Amino acid sequence: MTMEKTPQKPLVIADRLCKTYGGGRGFLAGSTPALKAVDNVSFEIYPGETLGLVGESGSGKSTTGRVLLQLEEPTSGDIIFKGQNLTGLSKPLLKPFRRDMQIIFQDPYSSLNPRMTVGEFVGEPLVVHGQGGNRSERNDRVAALFRRVGLDPSFMTRYPHEFSGGQRQRVCIARGIALDPALIVADEPITALDVSIQAQIVNLFQDLQDELGLTYLFIAHDLSMIRYLCHRVAVMLRGRIVEIGPCEAIFENPQHPYTQALLSAIPVPDPKIERERRPIAFDVNANPTPADAVLKPVGERHFVLG
Amino acid sequence: MTRYLLVKLLEAVVAIWGVVTIVFFVSRILGDPTVLLLPVGAGPEEIANLRTALGLDEPLWQQYLYSLLAMVKGDFGISFQHVRPALDVVLERMPATASLAGLALIFGTLIGAIAGAIAALMRGTVAELVVMIAALLGQATPTFWLGIMLILLFSVELGLLPTGGAGGWENYILPGLTLSVFVSASIARLLRSSLLDIMREDYVRTARAKGLMPRTVFFWHIARNALIPVVTMIGIIAGELLGGSVVIETVFAWPGVGRVIVQAIQAQDFPVIQAGVALVAGIFVVVNLLVDLLYGVLDPRIRRG
Amino acid sequence: MTPLLDIRNLTVVFDTPAGTVHAVNDVSYTIEEGETLGIVGESGSGKSVHALSMVGLIARPPGRIVSGEVYFKGRDLLKLAPRELYNLRGKEIGFVFQDPMTSLNPVLTIERQIAEPLRRHFNLSKNQARERVVELLELVGIPNARTRIGQYPHEFSGGMRQRVMIAIGISCNPKLLIADEATTALDVTVQAQILDLVRDLKKKIGTTVIWITHDMGVVAGLADTIQVMYGGRIMERGPVDAVFEDPRSAYTWGLLKSLPHGGKRGATRLYQIPGNPPNLIEKPVGDPFAPRNAFATERCKRETPPLLQVEDGVAGHKAAAWYDLRAELKKEREASA
Amino acid sequence: MKSFFLALLKSRAGLFGFLLVLVFIAGAILAPYLGLPSPTRSSLTARMVAPTWTSLFSPGAHPLGTDELGRDILSRILYGSRTTLLIAAGAVVLGGVVGTLLGIVAGYYRGMVDRILMRIVDIQLALPLMLLALLVVAAVGASSQNLVVVLALTSWLRYARIIRGQVLALREREFILSAHAIGAGTWRIMIKHLLPNVMTPVLVIATLELARIIIMDAALSFLGLGVQPPSPSWGRMLADGRVYITTAWWIVTFPGLAILLTVLSVNLLGDWLRDYFDPKLRTAR
């Protein structure tokens, strides 16, 4: 890939994003302790690139993805998309940008509206943005989208409960690419799928990137898939990015003890390696990240929090 | 737990204030009580004097504030009909209503719980069918009609029990039975479905995987958790019993708060309406506070929350 | 030596409004004392249902055991009187379930939940049971055990709850421990700790373990024997090294091949198994994997292949296949060369 | 739709309820065409005639007997069902629409809107519904329209509470987030994504509320606060007949049976709808 060498403008920049839940005083509810779900997170993603975001449950990786798409408002920080700062934009002003960025979720069962045909669901973005012409032209476009993700267009009039997990995820992907977006946030898109289906969806993601030049933020906890799919990886722990860098650097030369622990914990489908594998323990509570820690370079485009 | 209770208490106070406010303004629409209080043919001057005496010629919001202040001190005004403190009129009727409702609640809950448990444990048997049909009928029967039918059978035909009024224990039987039917039908249905839901929970499978005897699994793992929605239901039923007292006390000529309120509404006796409704709402709120407390005991997740 | 567990022709169905779901079809296998058996399969493979059904832990109805025998220490579990089964569950066969969030009773203390099987099976007094509970919690790596026993499940993290589940499972030193997707709901680092703990416990108390999972990686380091299930049937089974190195079922082969294997970006596309998981409501005919299998023959579609010892394989390596996977792969390699 | 009726046919209780509801609706609609005596025509010669089963088909007879003024009870029950069912249906629709909309709005916006609405619900819950209805009817008068509004007033909060809970849960579902992600407007999300997904619980609550409202309407007229005479109403028939309980049991028995059967059939249908669409609602009431 040549793209990694040519200096380009980032497609999207997350600049010191923070998202805090609770902490406010509610009417009759008393005060709730504040939870910093996302804490000073900065990164950029270049056009055509796949950035992997890994971390365990509660690390803030999903929230980061949602804040990046303005599905939740950041408590502070900026999101700069194609040079334009999106934070604080009102709903109508944000709407044109929605065409350019989409999200695909983990659970294919709750990500489809059970009371809408899948055809209507895939075509909805076109309707919302006044694209795709009249009803029959729109139908043709939806049919084309169905074919592109490997679904039979004759399924368009069916309801979600008639589909398997893998097929549902294809429907979600079709909806995601309906408006020709530049950026797709994929929030654990294969976690809930059967093992024999996961490879199908991963391949689809890669094919679409090759054909449409998509940029991905790929959120996952399965590191082996991340390694396979991503150009760069960011590791999150308790709302902060503790290490970010090119995929190879992270996997071959992890610097942060948490990254090392995470990598050592991946089960390997090979008995010889797996029997000898000893996970490195990392106690988060014993090693709290200092509040004033910053990302420091340790290699080419490779940074560690410390 | 303390904070949980404080919040609940504050909510209760707000609720009672809201009820009092609603009742105050709604009852002012009822009409002008002076017309009823004076002999027919009273002159406009007499009416005006009485209005001033009762404080009815002041602006509405001022009346509202005054009565709110007075109510905080426990003063609901003087009953127009009885010419004595409205609160006394209501309070002396309270034991009759509370004892009847309490009796029905305890008795009905016991019967309902047993029936519901039988239905859930004996799924697919005749016993379940009988319980479910009885519960359905019990829920569909209007209490006031059931009361009349019971009077027809036990008092008119068989001559065994008094048709109404208060007095000895035998006066409690028919109204108590009538209300218990309603209570036990609701409890039986809810407990059955709640038990059936809990039986499907993962932790019940865990309990069975431990080799516990079915009895232990039922009481400690299923029933314990199925009780939580039932407790909520008891709070709701308590409210319906208090509200329903209006009707059932009319049927059995029961000298309780419900009848006093009905009479007061007919006579536009504002202070008694106000005191009666506030009292009923207060009792209801206290019952629900107890329910919340019980909730905290039953469910540790709330205790710490 | 007689095996600890000997399952013969176990068939389980579920009667649902949509039709009869054929969840487990004619499953037979044995497990020796001290062995660790890893059962791998995806949802609907019958891996969990068959294990639950043999000790009466599936709801009946809708579940129904159509046929089969399950000999545990020589006795057929399916023919035991209810009371005998209660005496056996938790004491001789311990369970660890998947979701630690829903598998513990939210309104009872941890102490009570771990002490229950102890008091039931060994008639321990409250104090004796408490000592054993503390001991167990320390064994499964929960710090401050003595102060934590009075707490409720919601006060424990997911990983800690799964440790509690394991403590319950091993509390009576069972002969057999069945873990059903015990680490699926956990984070990878926690999963690694739990797997370490199980390996450790095996060394200490030597329990026989059936570890049910969908993750090939998890059983690779844990199991002695691996058994791959699909569509309610055993597709392949054998010593773990043999199956990983030399799979003879197209399904096992496909699963292993579709994993990234530490592969780097953009090298190749992942191998993908085509199609979707089987619909178990239709009466199963033939090899359940046949519709998704490029090597399937006509016979695969008509006739169910028996689970047989593979040719020139190690002893105990069995596969259910009419086709010869090794020959087919060789043909493919020659064709591409 | 086909599978819906197939399932209904399979469930004996559901089918029984459904058919009985149909019978009552048919009776209410067809009342004027059945050749019955007028419900308001009194006859001094035919006072308190006892019911006779044999007279069912002879014209001018009184199969369920007559009341103290000689009015035909069967006719009064049938005509009474028209008022009762119309008022109850009106209250269910009004309460349902208002409650559902408020529930969706509260669940969608959360925050202050939600807190205020739920506080109002709590206040109203502290006032037993029967007392509230009694007070308001006494205040505004017992016309049919007023009764519809008052009964709807006791009903909206059940929808609002449950629908709010459902919307709060739906809101976290990923398809709602996905609708935000494509830039769908608030209106579109409410109408296209939230409303269709709460229609099932709305339907179920509506059926169960219909049964409750029929009883409450009867109770109000029993206390003299229902539709005013001469229009026949079940509750009023009970109240009036109660006086003659020692001499004419039928006057008070049949209207009560009519209430019981109507409520029973609606409940059966509602229970079945709930189990068919959403068993989880069982404990959510």
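First chain written, first letter: the chains are A, B, C and D, and each begins at residue 1.
Keep in mind that, in the parts below, contacts are C-beta pairs under 8 Å (C-beta built on N, C-alpha and C of every residue); 3 or more make two chains touch, one makes a residue touch a chain.
Predicted, not measured: the structure shown is a model, and the values here were computed from it.
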| item | value |
| --- | --- |
| Chain D and chain C - chains in contact with each | A, B |
| Pair joined by the larger number of C-beta contacts - A-C, B-C | A-C |
| Euclidean distance of C-alpha centroids - chain A vs chain C, Å | 32 |
| Where chain A and chain B are represented by their mean Cα positions, the distance between them in whole Å | 53 |
| Separation of chain B from chain D, taking each centre as the mean of its C-alpha atoms, in whole Å | 21 |
| Residues of chain C engaged with two or more neighbouring chains | none |
| Contacts with two or more other chains, residues of chain B listed in rising order | 11 |
| Residue numbers on chain C that touch chain B, as the complex places them | 52, 55-57, 59, 86-91, 94-95, 97, 99, 102-108, 113, 116-117, 120-121, 152, 154-155, 165, 168 |
| Chain A-facing residues of chain D, complex | 112, 115, 173-175, 177-185, 188, 192-193, 196-197, 199 |
| Interface residues, chain B side, partner chain C - complex | 200-203, 205-214, 216, 220-221, 224-225, 298-301, 304 |
| Residues of chain A defined as touching chain D within the complex | 26-28, 66, 69, 71, 91, 94-95, 98-99, 101-103, 105-107, 110-116, 121, 124-125, 128-129, 172, 175, 179 |
| Contact set on chain C toward chain A in their complex | 42-43, 158, 187-193, 195-196, 214-218, 220-222, 240-241, 244, 251, 254-256, 258-266, 269-274, 276-277, 292 |
